[in-house]
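Chain nomenclature is as follows: A, B, C, D, E and F, assigned in order of appearance, with residue numbering initiated at 1 for each chain independently.
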Amino acid sequence: MATPTGFKFFPMPIHSVLLFVVWLLMNNTLAAGHIFLALILSITIPWLLAGLQSAHPPIRKPWLAVRYSLMVIMDIVTANFEVALKVIGPMAKLQPGFIAVYLDISSDLGITLLASTVSLTPGTVSAEVSEDKKWLYIHALHLENEQALIDSIKQRYEKPLLEILGC
Amino acid sequence: MSEYLFWIPLLTLLGTFVPLLTEKLNRNLCALLTSIAPALALLLVLQSAEAVFHSESLRQTMGWIPVMGLELAFRLDGLSLLFSILIIGIGLLVILYARYYLSEQESIGRFYAYLILFMTAMLGIVLSNNLIQLWMFWELTSVSSFLLISFWGHKSEARKGARMALTVTGAGGLALLAGLLLIGDIVGSYNLDLVLGSGDLLREHSLYPVVLALVLLGAFTKSAQFPFHFWLPHAMAAPTPVSAYLHSATMVKAGIFLLVRFFPVLSGTELWFLTVSLTGLTTLLLGAYIALFKHDLKGLLAYSTISHLGLITLLLGMDSPLATVAAIFHIINHAIFKASLFMATGIIDHESGTRDMRQLNGLWKYMPYTATLAMVAAASMAGVPLLNGFLSKEMFFTETLYQGSLGSLSWMIPVLATLGAVFSVAYSTRFIHDVFFNGEPINLPKTPHEPPRYMKVPVEILVALCLLVGMMPNFIVGDLLYFASAAALQAEVPSYSLSIWHGFNFPLMMSFLAMLGGLTLYYNRHVLFRFQSQFPDMDAKLVFEALIQRLVRHAQRTVELFENHSLQRYSYLMLFFATILMAGPLLDLSATAGLRPELPIDAISITGAILLTVGALVTVIWHHQRMAALLALSIVGLIVSLIFARYSAPDLALTQLSVEVVTVILLMLALFFLPQKTPEDSSPRRIIRDLALSSMIGGVIGTICYALLTRPLSTISDYFLLHSKTGGGGTNVVNVILVDFRGFDTLGEITVLGIAALGIFKLISRMRLYMPVSDETGRLWANDRHPLLLSVISQSLLPLALLVSVYIFLRGHNMPGGGFIAGLITSVAIIQQYIAHGVEWVKPRMKLNYQWLIGSGILIATLTGLGSWLFDRPFLTSWFDHFHLPILGEFELASAMLFDLGVYLTVIGATLLILANLGKLTTVHRATDMEQE
Amino acid sequence: MPFWLELIVSVFLLVGGVFLLVGSIGLARLPDIYTRLHAPTKATTLGLAGLLIASMLLFSWQNSTLSIHELLIALFLFITAPVSANMIAKTALHHRLPALERTQNQDLAAAARERLTPDAPKKKGKK
Amino acid sequence: MEALYAFCVGIMTTCGVYLLLRARTFAVVLGLTLLSYAVNLFLFASGRLKLNGAAVLGQSEQYADPLPQALVLTAIVIGFAMTAFLVILAMRARADLGNDHVDGRFPETPNNNNKQEKN
Amino acid sequence: MLDKVILIVSFMICVALFLNLWRLLIGPSVSDRILALDTLYINSIALILLYGIYSGGNLYFEAALLIAMLGFVSTSALCKYILRGDIIE
Amino acid sequence: MAHLPILPLLLPLLMGALLLLPPLANNIKRQRVATLVTMFVLLALSVKLLLTTHDTGTQMYVLGNWHPPFGIVLVADQLSSLLVLLTAVLAFAALLYACAGSDQTGMYFHPLFMFQVLGINGAFLTGDIFNLFVFFEVLLIASYALLVHGGGKQKTQSALHYVILNLIGSSLFLFGLGILYGTVGTLNIADMAVKIAQLHGGEAILAKIGGLLLMLVFGLKAALLPLHFWLPRTYASASAPVAALFAIMTKVGIYSLLRVHTVIFGDHAGDLANIAQPWLWPLAVLTVSAGTLGLLASRSLRLLAANLVVVSAGTLLIAVALQTAEATGAALYYLIHSTLAAGALFLLADLISIQRGKAEDRFVKARSVLQPKLLGSFFFISALALIGLPPLSGFVGKVMLLQATAGQTTTLWVWTVLLGSGLSALIALSRAGTTLFWRTNYPPAHYQLKPNQSNPVTAAHPLQIAAIVWLLLASPLLVVFGGDMTALTASAAQQLHDIDQSVYGLLPPVSGSPAQGAQ
């Protein structure tokens, strides 16, 4: 299988790290044998699958990525309560609506991450991406201030993602 | 002393191949060489004559199939001797005759082969000393006569005639078989010697009437007795040499032979007398009467044959020793004159191109020599004094006078016999007068003239015999007749005299009356013809064919009634049958519940049960909207795996889950090509009927399940729990069973999977597809082939999924998991790439040959099993050991892992071969074909 | 098991259970497919996260080693749930399922269905 | 609990058999799938029900009977192979015969099959 | 206490499952049903995890993981089917 | 040759796998050579196995070295080795025939063929009831795939019925196995026989249901009425070598009935002795009757051949129902004969239908076959054999069956249908033969092959002729060496009915003691 980009042995370094961690996670262990095995697997699996991976921009700022993740998790938790209340509360009060967000982020991975974040954070679900990948259509459960929501998405999520991925 | 007996039929059997091999040579040479084997056989027969004439019966026995009581047993007594001489002697004459009869284009080799085969069969019958062997040859005569009669198979009448003969005689043969087997069962042996000595045993047995009926069925069908006589005239579609052979000395005489053979054991009862004599009498009269009206020469001879066979049967039915002697004598005489008559007819046909007596007239002028021969033979048939036919007819008349079994009606027999003789004289006269005199021929296809010299020789010999026997009976056939009678009677032969003059007596008067009556009848034949013409001319062939056609049509209708190619019916029947089989015993089950304590019910279980029930019911209710039904089915699958998880079967839960997903994907792939909706095409009645059956089955299965669950059970499984770790090297007992204790099942199972994939690939290739361009509502498909999010995420999940599958694979031996589940996870992960990116994207990026994967998977598993041979252990004996490496610590290696790898690869190969290729179908010609229904 | 651990585990369990229930209530109650999409994709994932944390805590204590493989399930769910939601939304759009009448910007749904850009005057996202 | 379990098996059998008896291939496939669920649960039940008894040594105090589990596993796999084949065969039948009736044709009216062949 | 909590939570999940089933049954659209099924998968994961906690067994994690993975595949395939008819093209 | 009993399984399995891999994959010539060689070796091995079992007794092969009743065993007794040999003989001919070109009318013929043989041999050799199920599935799935070989509407349509009915059958099989395991807790056939005999009360009733379900499943394979409807059209639509090979498939059902209902539910089974008998014999009689009607109703030679298979299956089922060693011995002989003769007729029907053009093998007036003498002789011989006329093997089998059924209360019925079926076969086959070969548009002599025909008729390939000759030769040989053959079948039957050999001989002296000696 051809390796379009990257090193010969670590075609997908991030994946390799992820796999390494996940293996140990799955096995709930730090035993030497498993570390060895994890090492082998984190090399061979990406190597085997290199052909099936599209080229993605590398993560420029890993620490920012970690921070971003934590922030999203916090957002998920806090805002979930809001949604819960809305779900249980009277339906008549709901003001759902669609919005379209213009995307500055251009890479497939970036768009995916942004859309996922939007979907995970309460109140919004990414419904569609326009064919030219310039617009993200979002459904909001309770749309009070359209522009504010758009701005918050762009500021809070798109901007850090742009930084992390560099495009 | 008689080791050569089996050579008699063996010689002719071998002789069967001679004509086939020599056909390419000159026809004369072929005929000559063909004659050698029968001639040698005849020599052997004649050589034994001396012994037979010293009251010896020659026997030879060889073992063959003892289990069925079949031995090669030959017996040559007087009866066999007589018949053998007739069979071979006339056979040789027919060979010579046929050489000239058959045209150059016809395959004489094939003809001779059939003829000699037939001769073999006949010889086999008359020489048998074992009932089953006798039957074997008996059926062989039916078969070989079929070949002979149908020799001109391109003619419809030949085909039909042959089939009719085969069917009637074949049916009789089956009856005979039953009869012979019963005889064997009663006597305890199939040996004829023993059977012939068990006459009283048989006659007193409660099954005697059945035996008699069955044997007589065999004999009567073969010898064309009423009401089975109809096949014989249609067998005349055969070439005339065949008729000359079959209807004089052989085929039809086989039935007579059988009667004579079993005379000592089956006769002597009221039943015998009534059935045999009345059948004979009817046949005699019927044959003689109809013969007169046949315009076809061969037709006349055919009915005459029937009539004479009836005469012989009647004699045998009279159940007196003297009558039997007369019967045997008439067998000889009839064979001689009838063979010569047929041959003469053949010559006439051959030289004039027709056998129709309305066209044939005055042949005396054209072929006086042949005419003379034919006239002598015909006179013999009529019973004219100084000819052999006269002698046996005299004996016949005598015997009719001396029997009294019909009580006060006994006078009818001689009267009717005379009447038969009247007709016999009449048709014989017609044969002579209508053909050779009676004006000039009309519209003959050919100008008749005398046949080739050697074609006449057989007729000459036979006619000479007619005269010789007629004038010097004692000298010519005296011994033969005596010893044949002795053999037939198995008792003292009564005294009789074979002289041509017994003085003026009643039989002579009967003969005289017959002559006179016959001539008068012939003279006034036009009256009779007119009388007869008011009856519709029943063609037995047509009737028989119509009968068979009707049988066939009925069969077809009946078969179609049941076998209507409706799967729904077949399934219903099977399931109904299953329900009956299960419900029957269940009614005897006094207590459904057993003694095993039951588990308590909890909320989760009830929830699961409700979900499952609703899911199943909704699948049924929704099955018309297929997509929705699929969703409902998914619930059921999910709950089933949860049930497995609940009741301590994690491996099953995992397997069920992964299989479920693959199944759903597969169903969706298929659904694309199938109609999206199921029309309502069940009638309410059918729905109620099906509902009734399915709830019955469900109820029965549920009850059985409950009955099982509540009963204690001890199984062999403790052994597996005990030896899983120590003997199989794994703690996950289920997995150890799969890859070790019962690894052979698993090997079979992956083979099934692999074969299924191959079969599916085979089905997919060259499939013509109807691809919908829109969904069932007519909406065009969405234009987004590969949604962005799905593509990106699926791609990044792939390595993770692969890692999980490695994890599941490696732990399988000790924890839930294993090669199968791992293989399915890998497959699903790859399928997800197909779903997300499409075939065109995946295919060039992943060059896996799925077929090779299947092959190597099965190969690896098998070779792992074979590895144990190196250690002198049986196939699939497992091996495992624990190793310790520095730093890495202890780990286990087991052959089961390698076996599981085979499983893993096969699963991937099979799943992907199915799914990926199914997906590929549409890539080329998407949205080209429209629905067509 | 110490009471505090039991308490924490219980709380996580209850939180998880509540969110799962809320998600499913939302699924049942919410008025149109687009609003229904919200409930399960997040409430349930969070609910499951609660259970997973409870499980992690419990098994870590039980086996005296860190038992965090449950994280993997969470990881999977967090990665896949948005995609599922996206795909279902796409089907809803494709089938032109009606949104609640008072839904704002329904014209955007029409644009989204065809994956077009929204009309020029509506380019609200532009900076 | 056993009664509930048996009831579920019975229900699935009923639904499966009913669908098996339908006239369209897809319904039959659904029916067979349901029936094979029922069969698997039934076969599984032949080892009796056991809670907390996964047959993994060291993981439970008393083990469930592992043998039926192994049998069911084999049955599941074989069932999958068979279902897959049937599904594709149904597709093929649709392609070859133009409809998805299990008989490949719609039930005939009784008067159009009287063609007799004579010989 | 834990036992009671587990009981309560399991009850909640049961209710949740019924609600999912309800949505699946009434639809009204196929999308709703797919959504309901997807949620059903997630609640099943919860059920399995809860059962694992209840029984203290370590054997159920993989089942939960598998449902998570396969549920996603199943949902995306179903949606793809609605969108394109042909899920692999 | 300690591994002899497993070789008939390993050989086709390995070859099947190798055929999917390079260098054999996708190279038809190499595949032909490979499979022919394999079949030839298999033939030799089967002979050797039969001789071994005959001389030194039953061979038990303990797979994985897990001794009975725990592991899976193969049991090669005289009965199973005889059937394995029969399979090899038949399959060799089918393969020869296929190698003349019909193997190229679809994919994977050779590997599927190997797997088919594997499945059949497995079903014959296994001594484990669940393993029997597995091999049933192997042979079924292979048969599904082989059935559609060559393609065409008829095949698809009949395959659909065949597959669905057999899938239902497989489900019922598993229900039956579940019940049996749920009552006796074991899978080894011999062990099951021991434990079945000890059942009483509710357990016995449940086990009876299991046994009856197995009867149904085997009956489905064996074409027992009312489960036989699928057979005629399925067999008639299959491509020739496949149909020929299928001639053994009904026999697998009959064998399984024999094995299970003689060994497990035989005379010694206590409360469960002979449970199938009351069902089996009337249904078997009806099966023969149905086949008899089918013979008369057949409109083509292949349908006729298929109905002959039904008749022979029914005939065998009658013998199975009798449950005596004598009847079983007779049945075995008849089984061998009928399988080979039917196989030959299927192959022959194909040649005839190729040479008759559009009319194929239907019983209508049509052009003459190209080789009337050759095909006619073949037809004649196979017809004689199948009708049961001397001097070919059919009559020996039939007579022995009649003898075996004599003197019973059911004799009248049995004899009537057996003889009636013979007569019906006689009528049907004589009509068929005369129509196919003689009822032609032009007499054979005047028939000439026109050069520019759209559908060129080709003379039979030497391999095709060889295949038919190979099968037809069996019939006279079975008669000539009838003494030895019947002795062999009688001995095999004796062994099967001898509980000491077929049950106790296959178990360790004290059942249940851990005899495992592996590792």
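Methods note: a residue touches a chain if its C-beta (ideal position, glycine included) is under 8 Å from a C-beta of that chain, and two chains touch if they have at least 3 such contacts.
A quick note: this is a predicted structure, and the numbers were derived from the prediction, not measured.
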| item | value |
| --- | --- |
| Other chains in touch with both chain B and chain E | C, D |
| Contact-graph separation of chain A and chain D, given in steps at minimum | 2 |
| Chain D and chain B - chains in contact with each | E, F |
| Pair exhibiting more inter-chain C-beta contacts, D-E or A-C | A-C |
| Centroid-based (C-alpha) most distant chain relative to chain C | B |
| Of all other chains, the one whose Cα centre sits farthest from chain E | B |
| Whole-Å gap between the CA centroids of chain C and chain E | 12 |
| Rounded Å distance, chain A centre to chain E centre (Cα mean) | 23 |
| Between chain F and chain A, distance of the C-alpha-averaged centres to the nearest whole Å | 61 |
| Chain D: positions in contact with at least two other chains | 20, 25, 40, 42, 45-48, 51-52, 54, 56, 59-60, 67, 71, 74, 78-79, 81-83, 85, 89-90, 92, 96, 102-103 |
| Chain C, residues touching no fewer than two other chains | 18, 23, 25, 37, 45, 63, 69, 72, 76, 79-80, 82-83, 86-87, 90, 92, 94-95, 115 |
| Touching two or more other chains - residues of chain A | 22, 26-27, 115-116, 126, 129, 131 |
| Pairs of chains found to touch, sorted by chain label | A-B, A-C, B-C, B-D, B-E, B-F, C-E, D-E, D-F |
| Chain D to chain F touching residues, read off their complex | 20, 25, 28, 32, 35-36, 39-40, 42-43, 45-48, 67-68, 71, 74-75, 78-79, 81-83, 85-86, 89-90, 92-93, 96-97, 102-104, 117, 119 |
| In the complex, chain B residues that touch chain A | 784, 788-789, 791-793, 795-796, 798-800, 802-804, 806-807, 833, 842, 845-847, 887-891 |
| In the complex, chain A residues that touch chain B | 1-2, 12, 15, 18-19, 22-23, 26-27, 31-33, 36, 41, 45-46, 48-49, 51-54, 108-109, 111-112, 115-116, 126, 129, 131, 133 |
| Sites on chain C touched by chain B in the complex | 76, 79-80, 82-83, 86-87, 90, 94-95, 114-115 |
| Interface residues, chain B side, partner chain E - complex | 603-604, 607, 610-611, 614-615, 618, 627-628, 630-632, 634-635, 638, 641-642, 645-646, 650, 653-654, 657-658, 660-661, 664-665, 668-669, 671-672, 771-772, 775, 781-782, 784-785, 787, 790, 794, 797, 801, 804, 808, 815-817, 821, 825, 828, 831-832, 834-836, 838-839, 915-916, 918-920, 922-923, 926 |
